[in-house]
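Have a look at this one.
We call the chains A, B, C, D, E, F, G and H, going by the order they appear; numbering starts again at 1 in every chain.
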Amino acid sequence: MTDDIYSDIGFAKLDLSRETRTGLPETVYCAGKTNEQLLKILQTFQEKNVAVLGTRCSKEQYNFVKESGLPLVYGELSRVIKLGENKTKMRGVLAVCAAGTADLPVAEEAAEVAEFTGITVERYYDVGVAGLHRLLSKIEEIKKADAIIAVAGMEGALPSVVAGLVSAPVIAVPTSVGYGASFQGLTALLAMLNSCAEGISVVNIDNGFGAAMVARKMLRIKEK
Amino acid sequence: MTDDIYSDIGFAKLDLSRETRTGLPETVYCAGKTNEQLLKILQTFQEKNVAVLGTRCSKEQYNFVKESGLPLVYGELSRVIKLGENKTKMRGVLAVCAAGTADLPVAEEAAEVAEFTGITVERYYDVGVAGLHRLLSKIEEIKKADAIIAVAGMEGALPSVVAGLVSAPVIAVPTSVGYGASFQGLTALLAMLNSCAEGISVVNIDNGFGAAMVARKMLRIKEK
Amino acid sequence: MTDDIYSDIGFAKLDLSRETRTGLPETVYCAGKTNEQLLKILQTFQEKNVAVLGTRCSKEQYNFVKESGLPLVYGELSRVIKLGENKTKMRGVLAVCAAGTADLPVAEEAAEVAEFTGITVERYYDVGVAGLHRLLSKIEEIKKADAIIAVAGMEGALPSVVAGLVSAPVIAVPTSVGYGASFQGLTALLAMLNSCAEGISVVNIDNGFGAAMVARKMLRIKEK
Amino acid sequence: MTDDIYSDIGFAKLDLSRETRTGLPETVYCAGKTNEQLLKILQTFQEKNVAVLGTRCSKEQYNFVKESGLPLVYGELSRVIKLGENKTKMRGVLAVCAAGTADLPVAEEAAEVAEFTGITVERYYDVGVAGLHRLLSKIEEIKKADAIIAVAGMEGALPSVVAGLVSAPVIAVPTSVGYGASFQGLTALLAMLNSCAEGISVVNIDNGFGAAMVARKMLRIKEK
Amino acid sequence: MTDDIYSDIGFAKLDLSRETRTGLPETVYCAGKTNEQLLKILQTFQEKNVAVLGTRCSKEQYNFVKESGLPLVYGELSRVIKLGENKTKMRGVLAVCAAGTADLPVAEEAAEVAEFTGITVERYYDVGVAGLHRLLSKIEEIKKADAIIAVAGMEGALPSVVAGLVSAPVIAVPTSVGYGASFQGLTALLAMLNSCAEGISVVNIDNGFGAAMVARKMLRIKEK
Amino acid sequence: MTDDIYSDIGFAKLDLSRETRTGLPETVYCAGKTNEQLLKILQTFQEKNVAVLGTRCSKEQYNFVKESGLPLVYGELSRVIKLGENKTKMRGVLAVCAAGTADLPVAEEAAEVAEFTGITVERYYDVGVAGLHRLLSKIEEIKKADAIIAVAGMEGALPSVVAGLVSAPVIAVPTSVGYGASFQGLTALLAMLNSCAEGISVVNIDNGFGAAMVARKMLRIKEK
Amino acid sequence: MTDDIYSDIGFAKLDLSRETRTGLPETVYCAGKTNEQLLKILQTFQEKNVAVLGTRCSKEQYNFVKESGLPLVYGELSRVIKLGENKTKMRGVLAVCAAGTADLPVAEEAAEVAEFTGITVERYYDVGVAGLHRLLSKIEEIKKADAIIAVAGMEGALPSVVAGLVSAPVIAVPTSVGYGASFQGLTALLAMLNSCAEGISVVNIDNGFGAAMVARKMLRIKEK
Amino acid sequence: MTDDIYSDIGFAKLDLSRETRTGLPETVYCAGKTNEQLLKILQTFQEKNVAVLGTRCSKEQYNFVKESGLPLVYGELSRVIKLGENKTKMRGVLAVCAAGTADLPVAEEAAEVAEFTGITVERYYDVGVAGLHRLLSKIEEIKKADAIIAVAGMEGALPSVVAGLVSAPVIAVPTSVGYGASFQGLTALLAMLNSCAEGISVVNIDNGFGAAMVARKMLRIKEK
């Protein structure tokens, strides 16, 4: 019976009821897993015929698991690995905004994960606040989105400026982009938590995946 | 013309277009304002016939401004002050969960602010994870909500457990409840940012107001 | 001879050559000094016929020292106390911008100290980035300033947005305005140090005085 | 005579009376020791005929010392190295619970060290709180243990949930699993120290060894 | 039915099954509760005929609730309040050691809570490591205890020295005693977590109560 | 039309109006960009005939982009890469002071960037405060500068001592030089922010580039 | 017999052998002790005819204990209380330097404690590095001292500059003087620990007493 | 004339008057210097016929500079490099105590640097407080030293215990030995700063060199 809810493969108990329970797809955090563990997990899901997504999958891990012949798709920038396809199509549009070029890996992780869950994503990249005209030239489009993910490192000001201009909720993602007193993203994280603009909530540093999961749960509200 | 977008009263520029722009009501952060500044701000909104909400309003501030005869409503626990009424009614239900009794001021701030913006709120208080049966006895009701605010201090584990059981997005609010290595809520904040559960986003410590604003923007998705 | 450079009054050595050496007026940091020490210092400068400025002077300290009959001027908001007048008039204009009403004490400290040193100051208050239209409606005026002081608490994003729009140097002053993860101004400080905009330098939290001193030294460049 | 209590080998004074004094076996912290130092230490214990355990022994260190022909046993996951065998058998059962797959090296260090000291260990792995049903399906077994070690990274909520459900003492071990605001285990450590559940005490980040030592001293209470 | 496991009194859900579930007595954390909330809670337990213990009860709170005529016992130093009596008598002895006089409130909280749960407690106060002879003159007695609580502020070295000399488990309690770089007990906490001695686990700063709860669960091992 | 203000090359929006808007040259932060991205950016500026400067350009990046035949100049110590030449000549002199030999890479970044913007730079290296005679022997020359950049790691005392002796504004640059409790430059940063000397403002750790940008904006005051 | 080494008065074990063992006088840290505890301690030393020194004695504590008629001497600035007289006279001279007027309470604690132990003290106050001429005008005198205590808050640069000019050891005392990013003396502490000058060691923030104890042990070297 | 006090070799100003001024030998901090810079510095001192010491000299740096034929002596453990010989012989004895084997590199740096300055050093290694008998068996010898350096990582308790037993000043050196919440030596540093024992002062993490310099200045007191 346990096997209906999770599959016990010794070093892991694979959650098979997550989609039913939380409406989110099965996902694997690849970092910190051995090549063998990752392969075993992917094969188990394949056997159960469950589409699954992996994040933080290194190039080296991908090279190992693709040898197995599993039908995998991999994004080098986002480090997202996909097995199978999620059939659901969500209503609504998610805008993913990123402040600078160095924030792209995180923004792409968010965008690709969201797309895997059936969301339509629009990307607005390199729209940081130091050159405000870049953001302002796109703002009318951004305003039309149902939910917004705003990705920024350094001083992390992008979500504040965006949230003051739109009516959609803004999911802020601090990145570890910066140096010195950016403290690997801590400064951006703290800035976003202290935003004077309203309607912003925050996920962990570099957590594009988490932001996509929040967006997914938000857009489900529309479905209900 | 400027006066269409904001009203300049010297020490402040009151934002009169916020509702149009962001869909959120006018609000005043009362802490750090003098009695006279707060009164002047409330009177200006009254003159413009705009309903407005104040947060972190001390008993002493309330006692001062109520002398003016403005039709104010004040919550002692939540420290929320209201002028006028927001006519909008939102579809959907917001569940506000709190871990312990000491978290109630923050939870009530969230609940009362949300109600002011037209949201239907259901309260689930003292459902912390140390006595899991209390939460589990309510979980079927909580699952029906469209959005969830989870308020907790100390180790801040409530959002993780809740988010693993529901399909609605969870807005996590760390509180400054605790002592020693709780560091005035920092521990709960960090714990919530690192949740292994999915669909959680976080606002600042004790920021019940901010959580309500996020919930409001989320529920607007349903309206679109 | 020592008395030409400083005056030794036991618990302090009053620097009498600072103006000659650094071009800045004599100043006294009042916090942490007893009433008697402060009075003795002011009287010594009065005897030496040197104009002097005190910062962080509490109402209680002011009430004590004004009893002496010294010709003092005091600002309740800025907590700046002045003895005598600085005759120098500087060329150029300094813009002092503040994000919110709660930042005014720090902004006024900066403005009043700068005015004491002979600078023409223009004030732009409550122009925080959450309601960008307020800042943009003033930006053409701000652009004309020779130097800019930008004061903000919480996420401290104002200097980034301003600096991206102007050619004058921006002196960023973080304030302790905020709560929770603002950590008494640390978040704003870190954000300003990590600004992606160029031409920003930063002073200590709540240090309006220090910002004015930097502005004064900057405007002296014009005089040379 | 000194040689009865410790053996001085120049760079180290090997504690030969620890078992008598504290009831715990001799152990060596291998990290930070040169290959030569480690070998010399192991050989000395071998000569004294004392069973000894090494922790944090890298694969490279193990490869070096095994060349000596000493009868060593090594765990690749736990990085525990063993020389000789501990004859004592302890009464009572220790449950080792781990939240996720990435926490296994720490959990295994705890389990293998405990087993070396004569304790019977039961392992419950991948029972993190985000999928509560995994933990709940095992809880009746866990309740039977005399002492529990709960290992978790990220938000570190596992010990709180477990301790609320059992009567045995819970030794919480935070791990460095996570990223961003997990700060290499600091968040899990703080969360565990602030647990609202009772009967939890905490050891250093990734200190599976230390947790086993505490468990050993606890179970000795039964022996007395 | 719910009333069998907890009693819902609106602002709180009183856990009535804790003793059955975890073997620990009902307890109330008084700090942060209003006088009225505290009284209501105590009266509810009185009605249910359940002995209960309150910690961090201020003198002012005690003065309020004793007016009710409830049969309360209060410790001024420990700030522990007791209602009713715990009939259980535990086997085994707990030694409570404190480094300095200023650590006594925390040590007494631990001792009185432990005694309430039926434990026999022996106190060893002012045995800090700066005057080692004080500790050494008592060590033979301390060695006989089944479990040890070691309370210290400042550099927190006491648990390290004690644990190296005994075979019982040591529960280390850092206190906020100190100043400057003691950071309200953070230094003692970190020192205890990094102890080079074995068999030490740590609870939150000033958490004498928590240490007693751990001791209670440890001594139950003996009962099984 | 957008192309007049910025050039959209997919992963980046190159700011072409920055010089008009802020008076500062186009610059590229090379760290975190792929070789291909960097090359594409440089080629785009070359096509637009805009002189551009890159900072934090690794040797490896330089080796890659120079293969393209672009007329690049590279500084190994400063890691500054230049394409084209800035024709403007600024009036005034900038003194760049560095405390120790290990601070030279940062000091050189500041100096070379400033020179690229048309500033005359004078270098004063290895003038740290531990051997005060070195600084004092140069102070008369330093006093003549219009603006001063003071670069120091470890305790970061150089700006305090310099600013007390001169009338020019001092831009303080903390460096990550040091070890242990220097925390990669945090100590120097904090010390500079707390300077008791007046006329000091601070940029991020190791941010020689940022200091040069501030100096450039300062010297423009003279031009107006 | 125990009574030869310490006197057990219940809440404290008074160390009576400290002078013999460590060459330092008996001292009492008054902060955190009740009035009654302090009085009892002083009376016990009086009975044993041992001269004793108390630090951090509040005015209110002094007022209480002086009622007893004990022959006490109290310093309002230093908060040092003395009972009896130390007869020893040490050879050598200690210079106590302080950066600013607000550092005087800490400097005086150091000076008065040192004098109580028989040391000849010379005071050099308000010699901070922002006005270097004040320090330089006294440096020839300071050079003659056998040991130097350098007290400073804010950026804490004084010890670095002094130590580079003298051959005596410098004991650096950071003070909590400052605001914002001084973090109650943490910045000064870190700066002093990272000094590029040689021969500096550091004590806790505001620990004038501790510095005097180190100086006393240093000057004993001369006696041997 | 300048050449009498320092030698300017472009990237560095070699301090030639340090010994006269501060009584300490010339020293070079090798970390962060290029091979070429280090060689040039050593050659310059050789030409001036000044004995010099280098610290933190990597094996790779040593291999480079020894090619020059300079008469260098290198310690692999301490990473100290010596050129020439210091003829001075100091009176008095320095004890260097280290808690664990992993602390030896720092202890050896202290010992070898001290010996280079003419001090007689006695080494007491692996005497950490977890096995107190090791320290106590040596304490009578240690008591005879004129000054003591105590080196420890992890919880850093060694200096507290030693200082309580001796009359010589104790220079505490925290090391980065440890893991997790040792934070690379921060915990040991903080613990040492908060020692309840008297006569302890502290240097930076891993700063064996700095401790030796303090010891040298202390022992000079004896010479005067």
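FYI, a residue touches a chain if its C-beta (ideal position, glycine included) is under 8 Å from a C-beta of that chain, and two chains touch if they have at least 3 such contacts.
Remember, it's a predicted structure, so these values are computed and weren't measured experimentally.
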| item | value |
| --- | --- |
| Set of chains adjacent to chain C and to chain H | F, G |
| Any chain in contact with chain C as well as chain E | B, G |
| Longest centre-to-centre distance from chain A, chain (CA-based) | G |
| Higher-contact pair (C-beta pairs counted), A-C versus A-F | A-C |
| Centroid distance [mean C-alpha coordinates] between chain H and chain D, Å | 35 |
| Centre-to-centre distance between chain B and chain A (centres being mean Cα positions), rounded to whole Å | 26 |
| Chain B-chain G separation of Cα centroids, rounded to whole Å | 50 |
| Distance between chain centroids, defined by C-alpha means - chain E, chain H (Å) | 44 |
| Shared-contact residues (touching 2 or more other chains) in chain G | 100, 131, 163-165, 180-182, 186, 189, 193-194, 198, 204 |
| Chain-to-chain touches, reported pairwise for every pair that qualifies | A-B, A-C, A-D, A-F, B-C, B-D, B-E, C-F, C-G, D-E, D-H, E-G, E-H, F-G, F-H, G-H |
| Residue ranges of chain D touching chain H (in the complex, touch as defined) | 2, 5-6, 10-13, 15, 17-18, 29, 31-33, 37, 174, 176, 184-186, 189, 204-207 |
| Interfacial residue positions of chain H with respect to chain G in the complex | 21-24, 27, 92, 146-147, 163-171, 189, 193-194, 198-204, 210-211, 213-214, 216-222, 224 |
| Touching residues on chain A, where the partner in the complex is chain F | 101-102, 104, 125-127, 131, 133-134, 137, 177, 179-182 |
| Chain G contact footprint on chain F (complex, rising order) | 99-100, 128-132, 154-157, 160-161, 163-165, 178, 180-183, 186-188, 190-198 |
